[in-house]
Every structure is written in structure tokens, then in C-alpha cells.
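Each of the two complexes below includes chain A, the first together with chain B, the second together with chain C.
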Partner chain A sequence: MREMNFTVTSKTITDTAVLYPRGYLNNIAGESLVRECNAYIEKGIKKMVVNLGGIEFINSIGISLLLSVIERLNNCGGTLCLTNISTSYNETFEMLGLTKYMLVFKSEEEALKHLNAAGGK
Partner chain B sequence: MSQELKKALYNVSSLADLSQEINSEQNFTIKIQSVLYVIMGTFLASKGAIFWHERDKGSLIPVAHKGFNEAGSPRLKISSEHLLPLLKNEPYHLGDGNKAGLYGPLRDSLRRAGAGLCIPLWVRDEFIGVIVLSDKFTSEPYSTEDFELLKAVANQIAITMSNHSLFMNLSEQLDKNRRLYEEMRLIYHDTIQAFAAAIDAKDVYTKNHSQRVARYAVAIARELGWNEDDVEGIYVAGFLHDVGKLIISTDVLNKKDSLSEKDLHELRRHPVLSSKIISKIKFPWKDVVKSIRHHHERLDGKGYPGALAGEDISDGAKILTLADSFDAMTTDRPYKGRKDLKEALVELKKCLGTQFDGRIVAAFCKVLEKEIKGKLPEPNILPHLDKDFDPSVITVLLEALIQELSA
Partner chain C sequence: MPFNSIPAKDFINRERELAYLKLLTEVRDRAIADNILLQGPRGIGKTELLKQFYRTVFWEEKKVLPFYYSFQKATLKASYFAKDYLTRFVRQYLAYVKKNPSFIDSMGTPLVGLMPDFSSLRLDWLINLIEDFQSLLKDGDTYEQILAAISAPVTTARESGMPVIIMLDDFPMAAHLYETNQGDAPGLMSLFEGPMKTSICPHVLTGSPDGLLESIFADNAFRGKAERMFIKELPEDAAQTLFGSLCDKLGVRNDREASLSFVRLLEGNPLYIRNMAKAIWKMNKKEISEKDLWEGYGFEVSEGETAFYWSSVLGEFLADPGLLKVAVDLLMHMTKSGSRSNDFPRLSRVLGIPESSLRSAFDGLKMAGIVQGTGDAGPLRDGVLKDFIQSRYMRDTEGKSPERVRELIGAKYYPVRDAGASFAMTIPMVPDAELVVAKAFEQIGKNIRMDPEVVKQIQLALIESCINAFEHSGSYEKEVFIKVTTSRTRLEIVTESPGKFFDPEKAEEPDIEEKLHAENKRGWGLRLMKKIMDEVKVERMGDNTRVILIKNIASDEVLK
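Let's look at the complex of A and B:
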């Protein structure tokens, strides 16, 4: 499983960064997702959509990396939206209590619509 | 599915993640960082660190950390003295009103840095290090189940770190021994070369003869497919084959007239003298003494000192015989002038089956041909030969000889 490369691409739509991680979020290579998010935060972008449609697998390492992003955004008053996530991973996030600190949407469009409507935050 | 069952399944899969990381073939730095991420993900700690106890200095150094040293978070400082009295591989909560045995400035400093929990790592009676985690990001307290799981995790990590420590100590010792061996080897080779220089200095006509024989012998042995260890052995044998000449009278060695029976008898003592001298040395290579003792034997049994014939003569001795004779042919001697390369090859052919083994001559011809064609990056024979030969003529001669010998 760890042989599969992990990549992250991203774009910005107005004041929101949209990130597309691909591969397995189960090893240290996943730190590139955290670095990419941190780079946007340092540029002043506080709204972030992470489209998990390209993610095949998440384990405890992946959870710890997502936790880094959640904490960083929470500390600066930002918002994290996850989209295109499978039901079982959504249930895991709920069980762990992480859904209180981020928003989960079916699609990227829904997340962007919500962030636009939310305005400031 | 109930929340408890989901949580239990998550914990089981986390233990599997831990096992996968511990058993991965990644380097230790990546392995231990991955292990830390597994723990942080399992217990939802946003800060974590694993410290290594340096036994020599008694200090704790971080081998993996996340969150504690980032902006806004004070640097985590920890010393081992307060951790030693704590129970082995047991988690200690650092919050107020707990039963922790960790008091005083260390606990305060850990709390200020954002730490919520520490687990001293032990393997039997050896203190290995400590894991430090922040409180859970979700503000939930660590449960009894969490503590049980942490104990199991701590045991595994302690063993992993201890194994790595043992491995590193062994590697360091191995590196030290390797360096020592290399130094000894260089000194050994320098000594042998100095010895050879002393032999060659005694006979003005054979300057660098030992070095050339060593190089020619290496070329032939490699062409015959010998391993590098045995090649080194024949190289040393080449350098020392004439060491017995140190005992032979200089008058006999440098005599320009033909040698008398008595002189010949004296000169022919040198292979036995050489082997006697070097038999005192315990060589790490096989057959050095034997190769030297028999480097004047002939395939037809007319050589000396043992009048051995055919397969009774070792390949090492046969190689030295050829290398020694070829150098004698192509350099000036007190009793005769040198042959050019073509004449020397004709002489080799003439002595096939009587003095020289065809297999050894074929290997010599093949390696010489490769050197002439520039196929070998470090030639051993060509640099020592006169450059006045026609490469195309020699190549034709070599090819014919190789073909004849392979028929």
C-alpha cells in the first residue's frame, strides 16, 4: 500500500483554497498535505476545502495529519471542509469527535457554496 | 454498530498500523516519526514527542516530535531524573488532581509546553526514553481503555528503540573494526612493498621486478575468474616471490658471465629460501607460501626445487612462473638483452606444455589483448612494456595463440 505515491494539487477560488490529495494517506508522505495547507494559511487564506475523492485509504497516520490541519485552522479562526468522503471514513471521523471541528460535504460545490454564504469566516 | 465497538475496531486497526510501521524496512528516523504519528492519530493528540535516553550522557534527546516546537508553543525540555522513579511503560497524566508521581518543575514545564501525558519507556531494567503527548484535541479525557492501549504501545516502542540502539552499537563497532582493518591492510601492503624494494635494490637489473610480477599475476588471476580475495593473495605472492634472494650473494645475482654449477645451485636456493622466510607470516590468503616455493617448477617436471609436474603444481605457482618469466624476457638481465613483445610471445608459445601451462598462457594473452584494445580501465601489463610494438601485429599474434590454445 505504501508504494503508491501521494500527491497534492491545489487551486484557489476567490478566498478559498481547494486541495486535491491523491493516493494513500497512511504514511509520512502525507505531510505534504499539511505543508500545502500551512502555506495557504501563511498567505492569509483561512477557508479550506479538501476534496478526498482521490484518497484510497486513510489510517491513524492520516488522521494525525488531518488533525494538524484542523488544529492550525481552528487556532486562526479558519474553516476546514472535507468533501467526497466515503461513508465509512465519515463514520470514523464522527466516532472520533472530529466532525465538531470541521464540516463534511458530499461535493466540492456544496462546500464552496456554504463557504460563500458564510461570508467572513 | 455501537460507538464502543467502533472505537474498539479503530484501536485494533491502530495497533495494526503500529505493527506495520515498526516492522517496515524504512530508516529509523522515518520509522519512529511514523510511529509517533500513529500514536497521535490513535489518541487524537495534536502534539507529541518521543525522546531517547542517551545512556552515556544521561540526557534525553528528541528522536521524533510534532507540534511542541512550532510557533507559539514553548520548546519541550525534559530530563530523565524525575522519570526514573515512575512505573515502567505506565502512562502518567500531568493534569491537576491526578495520581501522578511526577511533581515539581518538570511537570510544570511539561504542562506549559502543552504536554498532557508522559510514558517512561523501559525494556527490562533499562530506561530507553519517554513518550510525551498533549491532551486530546477533542478535550475528552484519556480513558482507562486508552491507558491500557498506551501501555501496550509503549512496550512495543521501547523494544523497537532498544533493538535499534543495540544495532547502532554493533554497527559502530563494526565500522570501527572495518576502519582498523583497512589501516592495517594498508600498513601491511606498504611493508610488503618496502620488502620487495629491498629485494629489487640488491639486484640492479631487476629494479621493480617484484612489482611487475605482482601486477602481471593480478591480471592473469582476474582473467581466470579468481575472486578479489585470492587476487590479493597472488598480488602479495608476486611481491614476495624473490625475497629469498636477499640471502643469495650479490656477486651471483649480478654476474654477467654464464653461471657455474655452483652459482646455479646457489641461485636455485631462492624459492625455498623465500618460502622459508615468509612461512613465518600468517597470511590471510591461501597458498601464498606454496605459490612462491614453486614459482620455478615446470610443467614437464624439469623445474626446481621439487621437480613437480603438471597438476601437482598449483595455479598460483603457474601464474607466478609465467609472470616471472615474461618479465625476465622483456627486461635487460646481466647475461642477456631484453626481447621485444613479439619475440617474448613467440618464446611463450615455444615453451607451451614444457614450461608453461596453456590455460595460464591463454589467460595472459586474453588480458593483454584486452589491454591493447583499451578494454580495461586499469591495465596491469601494458604500462610496464616498451611502447615500440605494432598493436595490430601483436593482436593478430595473440588471437592466433588464443585460438590455438582453445582448440
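Let's look at the complex of A and C:
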């Protein structure tokens, strides 16, 4: 049941990893997202775009695991961008203060354009 | 036009303010300051108070001349302004002396056409004043023209021996006077300081709190010569009385009980109350039900006079339709997210709007007094303005039809026809069981026509409530009982399970900065529930813990 509720796929575009979590972002799902991000960081990729378009539900544990990704990227001078986020989740992230530590874009293309223009970081 | 005001008997609950302003007419040994600044939000009645004061002085005072001037965007060019200001002053002077208001309205007749009247009244000094001004017009020196126009009431007071009470409506607009291009003469407003320092010409100014005005009134020369009067919203009983009396006058039978929450939403704003009474009258119904009130409200804020009023205010400062749309999107975002920051780079990314457009739109909103001038934008507090913005957003950004917009705004406050419904279920404490409840709530949300985005947020709170029950359960009974109750104005979700009690008041508030570096990054559940819902209560029921989540639908997003 748990596997059915969450999947994460990813790809790299030049020096950026783009991740596509789908389903319910809870503890188990959040951990697999963290693992996926960590694997890229270990390979030296510091720019991450997480496309949340496929996220149906999210809970507070999933949110705390997103914080882990932010912390890890902050420590290595990386950047986390969220894209395709629903209005209500964006509002929730704003309410909790998360948007101060990551960049939110309407689309994946806009995030990639920004990261590309930002250069090294 | 100063006489374009409501009848004095309908001007309720401002008697104290009016009586205080009347003290200005006692120029000698005046107990109050020479200049008064009337402050308060738009629509609260500052202009109306000024007009009522004008009318009182015009008819009741024999030796005090009232002069009313309303700043308009169309006459902010210095040369136009000077001519307009002087013309209106001279006409109002003549109207006062002859006790004939029709002189005020006949703006079509040039000033020279009034010369025979001035001659017959032996007002040689006034004739000289006009002739001097005509020469300045020929010279083309706008600075001298504006100075001459602004000084005309002072000259009149000195020559006639009659004090002139100068009433300047929407005075902050004077900061935007310009010579050739907008912004090329920011100091012209300071020319008003001269007349304001003259005790024979007390000024009454209207305006919203503004840094520019504050700086003028902080000037040493004004200390003791200027004071502020805050015009507050009508108290609830006065607002109800005004609405009731307007309905009576318009022949609309209105149930006071039914209109209580309706009038409360108008927040004691006389402009809104009058507009809404007229909107209901336009529905052409003899008896008005609560549902009719909200339908009328939906029309009024999206297409009626209130919508027209706010469209005019926005249009005045955001003339470009593209920029106006950006402003609406920005306000909508601020309202929905409760965002209090002007972080334009971030807003640009989130909204997909160029930063420069956001800055221009923000400046326009600032000039219109809709957002604060400081770095803190703040969410909109005026519920009616919020609904107007939402209606514009639905129409211009979401492409909804006017009928649909009207219906959605009205339905926000009168959402369902039935008295309410309850849905109950019991779920096992197994992984992801909370999703079953979340999915069920999605359908409940559809049934009561709740905005899907609001449904999504409530689902988040509901999931948290279930997870909380799973984690705190110390019982062998591995079940959670959930009950969702909906009514027209309220949504209540009860989650009950056996387990340890926890006091939400004692729970630690998570700090994002600390959590970011802490090993344990969890602990956001209660914060999420509190942020999303209007009320979160935790009760002990025997061995069970009951968490109650409440959302007031009336103050929420539009129900669809």
C-alpha cells in the first residue's frame, strides 16, 4: 500500500537534478525523497528542482523531511527550488516560513532558467 | 461639489465630530488648533463629514466663509490646478455672499463673466485678484499661478474681514501636483503651508495616514496649530439603524435579525451601508430574506456601485489595465497567503510576474492607500474590499462570467440551503488510513461547494489530526472516530481516540530557524492545524482525547 501511495523519479539536466515525487509525501515517502536528493549531493550536484505537481497529499512529517533536504543543501552551498506547487500548499509553506529557505517557481522551466542564470550556485 | 451630500438628518452618529469642527468658526480665542486633519479609511465618511460641515457653515454662519476643494487626478497639472482652485474659490465666495448655491455649479461660465456681479457687490479687490491671475496665465509662470490661487482665500479673509475655513478633500493628492510631467515638482504641496499658518484661514484636510502628511505636520511651525481627528467606523447599533432607516426609506421590508451578520460585514462603513441598501432596493423585492441580502451583496461588490467605487480608486492610480491586473493578482496572493512581506524577487517567482511590474503595481496600491507605505504590506483588513478584489481576480485572472462571480461571492456567506449535515466514520490505526478520511472530506467539500484550495488545506489539518491520534494512542483499541459537521457558517471536525491527553497550550511552538539545524525536525502538526483552522480545541473525554477543528465558513474563501 505504501509503495502505491508514493513514487519518486528523477533526471539530471546539466548540473541540476530534477525530482518528481508522486502521491503522498509522508514519513516513508519523505525519506526516499531525502535519499534521492542525498545521492545527487554526493555526486556533487548542488542544484535541485523538486516538481511537486504529482503530490496529492502532504503531512507534517513530509514537511520536516523537506527541511532536511534544505539543511543538507544549505550546508554544501546548494539551492532547492520547488515548482508546480498547488496554491494551498504554497500558502501552507509560506505560513510555516519554509519559503524563506527555498525558491518557489510556477514551472520547472522557470526554475531551470533561474538556476542556469545564477551560475555556480 | 460641496452641496452634493446626503440630507443632514441621514448623517447619523457624527454629531460630536461636526460639533467639534464648528468650533473652528470661532476664530478668536479658539479652543482648538487652527488646522484639523480628518483621518480614517476610505469610505468611512471623511468627505461626507466635510460636506456636512461646509453646508452648516454656508447656511448658519454669517461671517465665516466656507471653501471646499476636492483634489482630482485630472487637475494635478499645476496650471490646471491653479485655475481650477481659484475658479472654485471665487464661485463659492459669490454663492456664499448671495446665499445662492447655483453659482457653485455653473463652472461653464468663465470668471470674467462674473465681473458684473463683483462690480455690483463693490468687490474691487476680487476683480484685481482675478485680473492679476489672468496676467500670470499669460506669462506662463505656473509657480506664481499656483501661489496666487492658494493665497486667494487668505487675501479674501484679509480684505473682507471674514475668516475663510478651507476644506481640502483628499489632501495627500496634493503631493502629486506637477508642472509638465508627473513627479517633476514634488515640492508644490509645501506651498499650502503658508495659508495653513494663517489663523484667519483654518484648514480642514482629509486623508489617510500618510508619511508625507506626517512630515508636514511634524514641522515645528505647525506644532499646536494642527491636530488629527480620527473618523472611526459606525458602532454596530448605529450601522444597523442606518441600514434599517435606508431600507425603510426605499420601501424595502427588511428583517433586522436576518440582516445582523450582513451589516456586521460592512464594518460600520457608511459608504458600504448606503450602497448595499440601494443594491437591495434594486432587486425590486418587497420582502428581503437573508439569502436575498447575500445575493445582493454578491452583485454589489462585483458589479454594483461599491465595485465601481473601488474600480475608480484603482483606475486612478493604476491606469494601465495590465498593471491593474498585476495589482489584483498581488493583492489576491497577499490575502490568501497572509503574506506581510514585500519581497519582490520572491513574489515574482511565485506569481510568475516580472519584478518591475510588481513594484509599479505596489506603488500604485500604496498611492491609493490600499497597502501601507512602509516595507510591510500587510493583508487587506477591509472585508468588502477583499471581496471586490476577489471578484476582479475571478473575472480577470480566472475568466469566470459575471453571473458566476456574483453567485460565488454571495455563496461565500450563504453557502448551503439546508441546515447542515454530519458525516461520521471510524478508521483503523494503520498506515495511510488518514488518506481515507482526507478523500472522504474531499467529497464533503464538494457537497458544500467549498473552494478546492480551502478543501486541500483542511485535508492537511485533518491528516495531522489523525496522525496525532495514531501517535498518542496508548490503548489496545486501535481505532479513531471522526465526525465532520457542516452548517451554513461553520465546519467542525472532531477526531476522538483513546490515548494520552496533550495540552495544545503547553506544546512548544516550532521555530523554523532552530528546526533547520536541529536533529529532530518534527513537531509541525499542531502549528499546521492552528494556522489552517480558526480554532483548535483539545478535550479529555473519559479515557479518550478529542481534538476539535473549527473553520468559520463565512470568513473563509468562496464556496463553489
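To be clear about the criterion, the second predicted complex is superposed on the first by the 115 of 121 C-alpha atoms of A that agree within 3 Å, B and C clash if a C-alpha of one lies under 4 Å from a C-alpha of the other, contacts with A are read in each partner's own complex, and residues count from 1 in each chain.
By our rule, a residue touches a chain if its C-beta (ideal position, glycine included) is under 8 Å from a C-beta of that chain, and two chains touch if they have at least 3 such contacts.
Since we're looking at a predicted model, the values are computed, not measured.
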| item | value |
| --- | --- |
| Chain A as common anchor, with chain B and chain C clashing or fitting | clash |
| First, second, both or neither for A:K113, with chain B first and chain C second | neither |
| Partner contacting more residues of chain A (chain B vs chain C) | C |
| First (chain B), second (chain C), both or neither touched by A:S86 | second |
| Contacts of A:L65 with chain B and chain C, given as first, second, both or neither | both |
| Touching partner for A:M95 - first (chain B), second (chain C), both, neither | both |
| First (chain B), second (chain C), both or neither touched by A:R35 | neither |
| Chain A positions touched by chain B in one structure and by chain C in the second | 2, 26, 28, 59-61, 63-65, 67-68, 70-71, 91-92, 95-98, 100-101 |
| Chain A contact footprint on chain B (complex, rising order) | 3, 6-7, 10, 13-14, 17-18, 21, 24, 30, 33-34, 37-42, 44, 46, 66-67, 72, 137-138, 140 |
| Interfacial residue positions of chain A with respect to chain B in the complex | 2, 26-28, 59-65, 67-68, 70-71, 75, 91-92, 95-98, 100-101 |
| Of chain A, residues touching chain C in the complex | 1-2, 5, 24, 26, 28, 57-61, 63-65, 67-68, 70-71, 74, 86-92, 94-101, 103-107, 110, 114 |
| Parts of chain C lying in touch with chain A, wherever the complex brings them together | 336-339, 346, 349-352, 431-432, 434-435, 438, 453-454, 456-457, 459-460, 463-464, 467, 512, 515-517, 521-525, 527-528, 531-532 |
